[in-house]
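Please find one structure pasted underneath; my questions will follow.
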C-alpha cells in the first residue's frame, strides 16, 4: 500500500516536471531557432521571455476545442492523450540517479521500446479520426515510419544489452564508467555504430527533422494534428517535447554513462563519511546536463537540415540502418568473444575512439571559427540580446 | 528585336492558299496575316519543317477588334488571335495573326503540337470567348466556370453579383462628401 | 559498395558542416530589431531621404490645381479648389486622401507643380511623409481630411458666394457693356 | 452560401478509381507560393493525375490597362510580379519607349539596370530560399530572406519603396540616387558573395537536400521548349536562352557575363537541382554585372523630355525582356488615336512554367510535387495577373 502511494506521488511529480520541462523546452527551442536564423525569438513575457510557454498554455486553454463535424468524436478526443501517455510511460524505468527513478524494472529497455510504440496508435487514431485527408496521410506516414525505425532502434539497444549483459537500466549504467573512455559510445566500433543507429532512429521516432515527414508542414499542412485546436493541440506538443527529454535520457543512459560519476566513487571509495544524498544530487545534475545536451543537439539538427522524402526515409532504414545494425550485432558478439574487457587491444581501441571523438569536437570548433572568419562576422557570444 | 522578315516571306510562299499577307512589314514587328482555316497548316509547317524549327511558342494573345463610331457606340469587327513563335535554333521570332468573325469566333487548336498551347488558348477563350476547335481541355482558366461573359471584350458588362456576392465595393470616400 | 560507404560519409560530412554553420550563428548577434519600443532611434530617422511613407498635403502651399488627383490611377485623392476673399489664386475647399487605397506610386508627387524651393522635409505641396504607421480600426479611419469638414463647408459656402457674386458682377458687366454697346451703336452708326 | 459543388465546378471532376484518393492542395497551402490550387489524385503517396487550377489572384490587370493612359499603368506592372517589380517596370517602359521612339539618358539606363539586377538577385534569393523551405530546411530560407532585406534597404534608397517600386518612367527613372548608394551597394556585394559561399556550404552541398532535388522533375531541352519555359527554368534544361544576350536591351550588350546553363552537375540535365543551381550561378553573374555598372556609371540627367500625352502609332508589337522568372512579353496594341492602349497582353514566365504541371506531376510523390513546384519559382500573381 505504501508502495502504491509512493508510486502515485512520484508519478504525479514526474508528470508535473515533464510538463514543465516540455514547456521550457518549447521556449528554449524557439530561442535557439531564432538565434540560428539571426532572429531574437520570444523575449517579451517574463525575463527574456522565459514565461512564454505559460502564455501559450493560457492561450491554448482559452481556445475553443473544435471537433470537426464529420470526425469520429470519441477517438478524436482521446488521441492526444494516448500519444502523451506513450511518452510519459517511457519515463518509468529511466534512472535519473541511483534512487531517483520510478521503478527499477529488470526489463527496462524492453519496456521502453514497447511503450514507445504506443505513440503510433495515438498518432494514427488522431489522423484517421480527424476525417481529413492530409491528417490521414500524416497518420499513415507516421505509422509506417515508426514501425520501420523500431528495428534499427532495437538493434542499437540489442548491442548495448549484449555489452552490459542486462536489460536493467541501472546495470547498464553501472557497466559503464564516469570517464569517456568507459562510455559505451567509445567502447568499441560496434557500440559506436549502435549509438548512431539508436540516435538516428530515435529522431525518426520522435518525428524530428530530418524525419518529420508525418507533420511536414510544407507538404501535409500540419499532418496528423491539422484539425486539432486548443488544449488537445498542446497535448501533441507536450508529447513531442517530452519525447525529446526521453530520447536524451535514453541516449545518456545507454551510451554516455548516465549519471555515473557517483557510481565510480561508490565502487572505488565506499566512503563511510560521505553523504549519499550529495552524490545523488550531483549524479542527477550530471545526468540532466548530458540529457539536455542531447536535447540541444536534436533541436540544432532540426534547424539545420532539410526533410527526407518518404521513400528515402525507408531507404535509410532498410538499406542502410538495418543491414549495418545486423552486421554490428554479429560483430559485437565476435568482438566480445575474442577481445576480453580491459585487455590491451580493448584499451587501445577505447583510447583511439575517445581521442577520435575529441578530435571531431576540436575540428568542429575549428570549422565554426573558420566560418565566422570567412563571413567576417563579429562575435557576440552572449545568449541574450 | 530579332523578328525575322525573311522567314515570314518564306512561310508565305510555302502556304498552299495564297491569301496570306504580311502586314507592318516596315515596322519592328512584321506579322503574317493568314486565314483561320490555314492556321494548322502554317503552324505544322513552322513546327516540323527544319527550315523553320519553331519549337518554341512564345505567346498566344487575342484582342477584340472594334471601332468607335461618331456617336460613341462601338462597331464590333471581330477578333484577332496573335501567335508568336521562336526558333529553337537561333531564337529568331515570327508572329502570325488570324482574324476571326464577331459571331462564333472559332479556330483550330494547336495544343497537340505545343505543350503550353493549351493554357494560352484557355486564357484567350476565357477572357475573349474565342473557341478553339478540337482542344483537349477548353475550360475557363482565370474566372469561375459559371461566370457570365468574357471580360476583355470591349462590349463587356460586369455582372452585378456572383453567387450572391456583389462585385463592387462601397467607396469609403462617399461617407465624407460634403457636397 | 564504395557508393554505399560514400553516401554514408557524405551525409555525415555535409551534416557536420551544416551544423557548424548554424552553430556559428549562435555566436553572432541577431540582425532583427525590436520594433517599436526597444529601438535606439526612431525608425523614420533611419529611412532614406525620398522614402514613400504616408501621403500628405501641405494645405498652405497647395494651389488647388488638381493635377495630383488627375495623375492618380486609382482616385485616392478627392479635392476641390475655390476662390477666397483676399487671395489671388485658388484655395483648397477640401482635400481628402483615402490611405486604404493608396499604392505609393509617387505619380501625384511628380505631377505637383507647387514647389517652395526649400530643401526641408518636402518641397512639393503633396508629398510623402516618412511616417509609415497608419493603421486604423475602421476602414473609414483611413480616409484623411486635410481640411476639417466644418472649415471645408465654410470655404465651400464662401467660394460659392464669391462665385455667385462674380457671376452677378460678370452678368452686370456684360449687361453694362451690352447696354454700352447698345448706347454706343447709334453713336458709332452716326459717325459712320 | 457556397456549397461544395460550386467549388468543384471550377474544375472538371473525373470519377475516382477504387484505390485513389482525391486531395486538394491549395488554394491555401503553405507550399503553393500564393494562391494556386492543385487537385491531386493519389494512390498512396504517388500522384496518379493532377489538375492545376489557377485564377484565385486574377486582378484583370490587362483590362485595367485598357482604361488608363500609358504612364498611369506603370504602378500596375509592379503588381504583375511583386518580387521583381523593377524588371516588370523596365519591360513595360522599354516596350512603350521603343514604339513611341523616346530617348533615354545614359545615366537613367544604368540606374535601371542597377535596379533590375538588384531585383533579380532579390527574386532569386526568394526562389532558392522558398525551395529550401519547401524541402524542410527553415534556416537557409531565413538566411536568404535576411540577405534580401539588405537588398530591399538598397532599393529603398534607390527608389523610395521596398517592394512595389514603380521606379522606371518613360524616358528615364523617377529619382536620382545619392552618391553613398554606390558605396553601400559595393559593400553589400562583397558581403553577398561571402554569404553565397556560406549558403552553399549549409544547403547546396547537403546530402539530404541533394537527394531531394536530384532527378526530380526532369525536363529535357525539347520538353522545356515545348512547354514555353523561359529564363532560368529553360536554361536549366540546357538551352542557352537569355534575352539579355539574344535580344539585348539597355546596355547588356556591353556587359561581360556568362549565361549559366544546367549541365546535370549531380544528376540529369534539367532536374530540379539544375534549376536551383542555375539560379545560384545567376546571382553571381548579376553581382558581376552590378560591379561593371558601378564602374561605368557617370553623372548626367536621369529624365529626357517626353510629350505630355503619349500616343503610340497605330499597330501592334510584342516586346520582351528577361525578368527573373523568364521572358516577360508585352503585346501592346494601339489604335493610334487615344492616349490609352487598345490592348495590353502580358506574357509571363510563371504562366508558361505552370503549363507543365499536370503532365509532370504524374508519377511523382507528394513531397516531389512540392519540390518540383518550388524549383519552378512560380509566383501566383504573375500567373493570374
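A, B, C and D are the chain letters, set down in written order, and residue numbers restart from 1 in every chain.
Simple rule for what comes next: a contact is a pair of C-beta atoms (placed from the backbone, for glycine too) under 8 Å apart; a residue touches a chain by one contact, two chains touch by 3 or more.
Note that this is a predicted model, so its numbers are computed, not measured.
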Comparison of B-C and A-D by number of C-beta pairs in contact, larger one: A-D
Where chain B and chain C are represented by their mean Cα positions, the distance between them in whole Å: 39
Gap in Å, rounded to a whole number, between the CA centres of chain D and chain A: 43
Rounded Å distance, chain B centre to chain D centre (Cα mean): 23
Distance between chain centroids, defined by C-alpha means - chain A, chain C (Å): 58
Where chain A touches two or more other chains at once, by residue number: 36-39, 303-305, 371, 375
Junction residues of chain D - those touching two or more other chains: 139, 146, 198, 201-203, 206, 208
For chain C, residues contacting two or more additional chains: 7, 15, 17-18, 21-22, 31
Which chain pairs touch, all of them: A-C, A-D, B-C, B-D, C-D
Complex contacts: residues of chain C adjacent to chain B: 78, 94, 96, 98, 100, 139-140, 142-143, 145, 149, 152-153, 156
Chain A-facing residues of chain C, complex: 4, 7-8, 15-32, 34
Complex interface listing, chain B residues touching chain D: 1-2, 24, 27-29, 31, 55-59, 61-64, 82, 84, 88, 91, 93, 95, 114-116, 118-120, 123, 127, 137, 139-146, 151-152, 163-164
Chain A-touching residues of chain D, taken from the complex the two chains share: 21, 23, 29-31, 42, 45, 132-139, 142-143, 146, 191, 194-195, 197-198, 201-203, 206, 208-209, 211-212, 365-368, 370
Parts of chain B lying in touch with chain C, wherever the complex brings them together: 172-173, 175-176, 178-179
